Amino acid sequence: MLLDAKGALAAPSAGALYDVPRYGNVHLLHFTDCHAQLTPVYFREPNVNLGVGQAVGRMPHLVGEQLLRHTGMKPGSPEAHAFTYLNFEQAAATYGKVGGFAHLSTLVKRMRASRPGAVLLDGGDTWQGSATALWTNGQDMVDACLELGVDVMTAHWEMTLGDKRVKEIVERDFKGKVDFVAQNIQTTDFGDPVFKPYVMKEMNGVQVAIIGQAFPYTPIANPRYMVPEWSFGIQEENMQKMVDECRAKGAKVVVVLSHNGMDVDLKMASRVRGIDAIMGGHTHDGMPAPVIVSNGGGKTLVTNAGSNSKFLGVLDFDVRDGAIQGFRYKLLPVFSNFLPADRDMTALVKKIRAPYEARLNEKLAMTQGTLYRRGNFNGTFDQLIVDALMDVKGADLAFSPGFRWGTSLLPDSPILMEHLMDQTATTYSYSTLTEMTGATIKNIMEDVADNLFNPDPYYQQGGDMVRVGGMSYAIEPNARMGARIQDMRLNGKLIDADKTYKVAGWAPVAEGATGEPVWEVVGKWLRDKKTVAPRKLNTPRLIGMDGNPGIALS
Amino acid sequence: MGDPMRIRAAAAGDTVEVKILMRHDMETGQRKDAAGKVIPAHHIKTLVVKCKDKVVLDAQFGPSVSKDPFLSFKFKGGAKGDKVSVTWTDNTGDSRTDEGVVS
Amino acid sequence: AFTAGLLKPSDVFAAEWSQKVFDAKSLEDVLKALGGDKFAVSPDVIVSGPDIAENGAVVPVSVASKAPNTEYMAILVDKNPSAMSAAFAIPAGTEPAISTRVKMGATSNVHALVKADGKWLVASKEIKVTLGGCGG
């Protein structure tokens, strides 16, 4: 790799990283998509994050050295490790793990100490993504967020605990402590609001409104039967109404806490007037600087704060004479080695994990290669999952959903049950074996490809392409729906539209599935293997993407 | 006879917003049951909404209107306390009328 | 147009429920069955709904018209076995803006067909019906 030749990794300087002086009088702290990661993890950023349509060559669709060049980050710096996949193994060994609630808590407290009145925003995807979150029905994360001092929250994967559980937490645990806001969730009968659309906070004499935008496509991307009485959607008109209402009530700063995904937020920012900042999540993009979007009402900042409790966004506004005079924004990486663990949070996390330590620490196998998930088409951990599914189920090919959560493992390290659960812990992780015709397989892949590569962001659902085991294919992201997936082959032979194939998979969204949980299938396979050789990534041949800076060969 | 509807009518000034949730299978006539037999079409065809005997909406439905049909619209000239009546008739000749009060 | 108030409900609609209208396969055929011959795509007509349907069996669709003397509005789904879903006669005093929910078998254009001042006007929007299942 070119970067290795550039010499040693820069020595860390915690002081320089976390010395962020106060600016102005309105302060917003933001984390999102932590996916229930309470303890520090390794996390590899993607080397494939293609932009299509208007998004070609724009943040967040720049990876690796293109991203460094665009943002002016130094190669080999701690920031370069936080924001890119470059030199992953060596940098991870040098800088250590990232995230963890105890370290995040220390950073939150530091920022709060210099910023009176600051509010902490949780962008959602908080109560799902780990074994303990699944086994405690989200209670571990609810308790941890109360300890962290979350003030306002919106949601996505939270909904996969079921509507009743979500209501229970909002009305019992969060009552009087955390405002759960979502302007875009209504009842399916008369369309009544389910949650508060926004909350007004007074900060150093300034009225600040925080409007919630939950993930618009929750009942599509996840099982609808978990929220049968709630409807979501982008609800742009109602968003405009809420912004106007907040302004009329005296808000001088209007912030949207969004789980739209970055590209959807960028489009929304160009169409809705009067929003000062959209602090977004869902697409897990670590955005070092906001994108400033012009619209009919002025300008809107759009941020996205990565995933896995790896970052804390700090947005300061200077509000004087009833108007915003300026802003400062920093997305701070949480390096667990540079930030001491907060004592109270450490104790809480220890208490949460205690009953489960034995199960979490079961050693399933050793991995010889790096295991990670992120990337538009495949990741080595997903490859491991589809390889295991095909082996155990005797399938011709296997699908694994294009989830963006899931942590990374360094070469020659143990794969613990906890790590497998980090990739698979959902409330509907049934494994499946289905007979499908070639035509159906093509249909599924076209459907997912359109969710990812539709040139109109409002038609994008923000995940990645379904991971495919056993079958090779080509993809033309800029083609129309129905024409993107080409040259599908099994063992070199073209897939026959009328022939039937055995397809393994997991996490079906339709009601009534019953298969063995996928972690049991993969766990069994790992225990048998004992040592897992580096996975050979099955990625599609790309058509028409030459020169797209959203891909780098690692 | 069918099942009762849920009717909401709310006045703002002299404009009344009406929301109606009917209870009806709205069977398309194109689905098959487990035995492979076609389930016969069963759907609302016409619907009339009146306020103080004046027709404020007159609708015709086909089988592709969703199960348990929903309608919302606004009309002028109503006030709190007025009665809004909704009557539907389906393709089997069944019909039902329910009333709501403007709030 | 309609002289509301004095008429029996069945008189308000220009025509009885017509099998021909509800069997027509396309916007053009529906229009023909209604006795029209040509239509214009109009910015005065608005059809709205989700970009992606949460549930193809229950897709919220709204139609609205800013055209003066709007007397009739209909919702059509292009790719459904029959195009026409629902039609509304708009008496004087009722706003030409209606929301309902329709079934969609597949991704399709949804049309609002409006009659105003004797002219037929149309607006269209694509609503996607997807298999779902993915996520960030």
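A, B and C are the chain letters, set down in written order, and residue numbers restart from 1 in every chain.
Keep in mind that, in the parts below, a residue touches a chain if its C-beta (ideal position, glycine included) is under 8 Å from a C-beta of that chain, and two chains touch if they have at least 3 such contacts.
None of these values were measured; they are calculated from a predicted model.
Novice: Which two chains are joined by the greatest number of C-beta pairs in contact?
Specialist: B-C
Novice: What chain lies farthest away from subunit A once each centre is taken as the mean of the Cα atoms?
Specialist: The most remote chain is B.
Novice: Subunit A to subunit C: how many Å between their CA centres?
Specialist: 39
Novice: Quick one: subunit A and subunit B, Cα centre-to-centre, how many Å?
Specialist: 43
Novice: Give, as an integer number of Å, the spacing between the C-alpha centres of subunit C and subunit B.
Specialist: Centre separation, subunit B to subunit C: 16 Å.
Novice: Going by the contact rule already set, what residues in subunit C reach two or more other chains?
Specialist: Within subunit C, the residues that touch at least two other chains are 58, 60.
Novice: Pull out every residue in subunit B that's touching 2 or more other chains.
Specialist: Touching at least two other chains: 70, 72.
Novice: Could you list the positions in subunit A whose residues touch two or more of the other chains?
Specialist: Within subunit A, no residue touches at least two other chains.
Novice: Could you list, by residue number, the parts of subunit A that touch subunit C in their complex?
Specialist: 33, 125, 156-157, 188, 215, 217, 219-222, 224, 231-234, 261, 282-284, 401-405, 443-444, 447-448, 450-452, 456, 458-459, 461-464, 466, 481, 507-509
Novice: Touching subunit B in the complex: which residues of subunit A?
Specialist: 189-191
Novice: For subunit C, which residues are in contact with subunit B within the complex?
Specialist: Residues 4-5, 7, 9-10, 12-13, 17, 22, 57-60, 77, 80-82, 84-91, 93-95, 97-103.
Novice: Taking the complex as given, what residues does subunit B use to touch subunit C?
Specialist: 15, 26, 28, 30, 45-46, 48, 50, 53-67, 69-77, 87
Novice: Going by the contact rule at the top, pick out the subunit B residues touching subunit A in the complex.
Specialist: These residues of subunit B touch subunit A: 6, 8, 19, 21, 70, 72.
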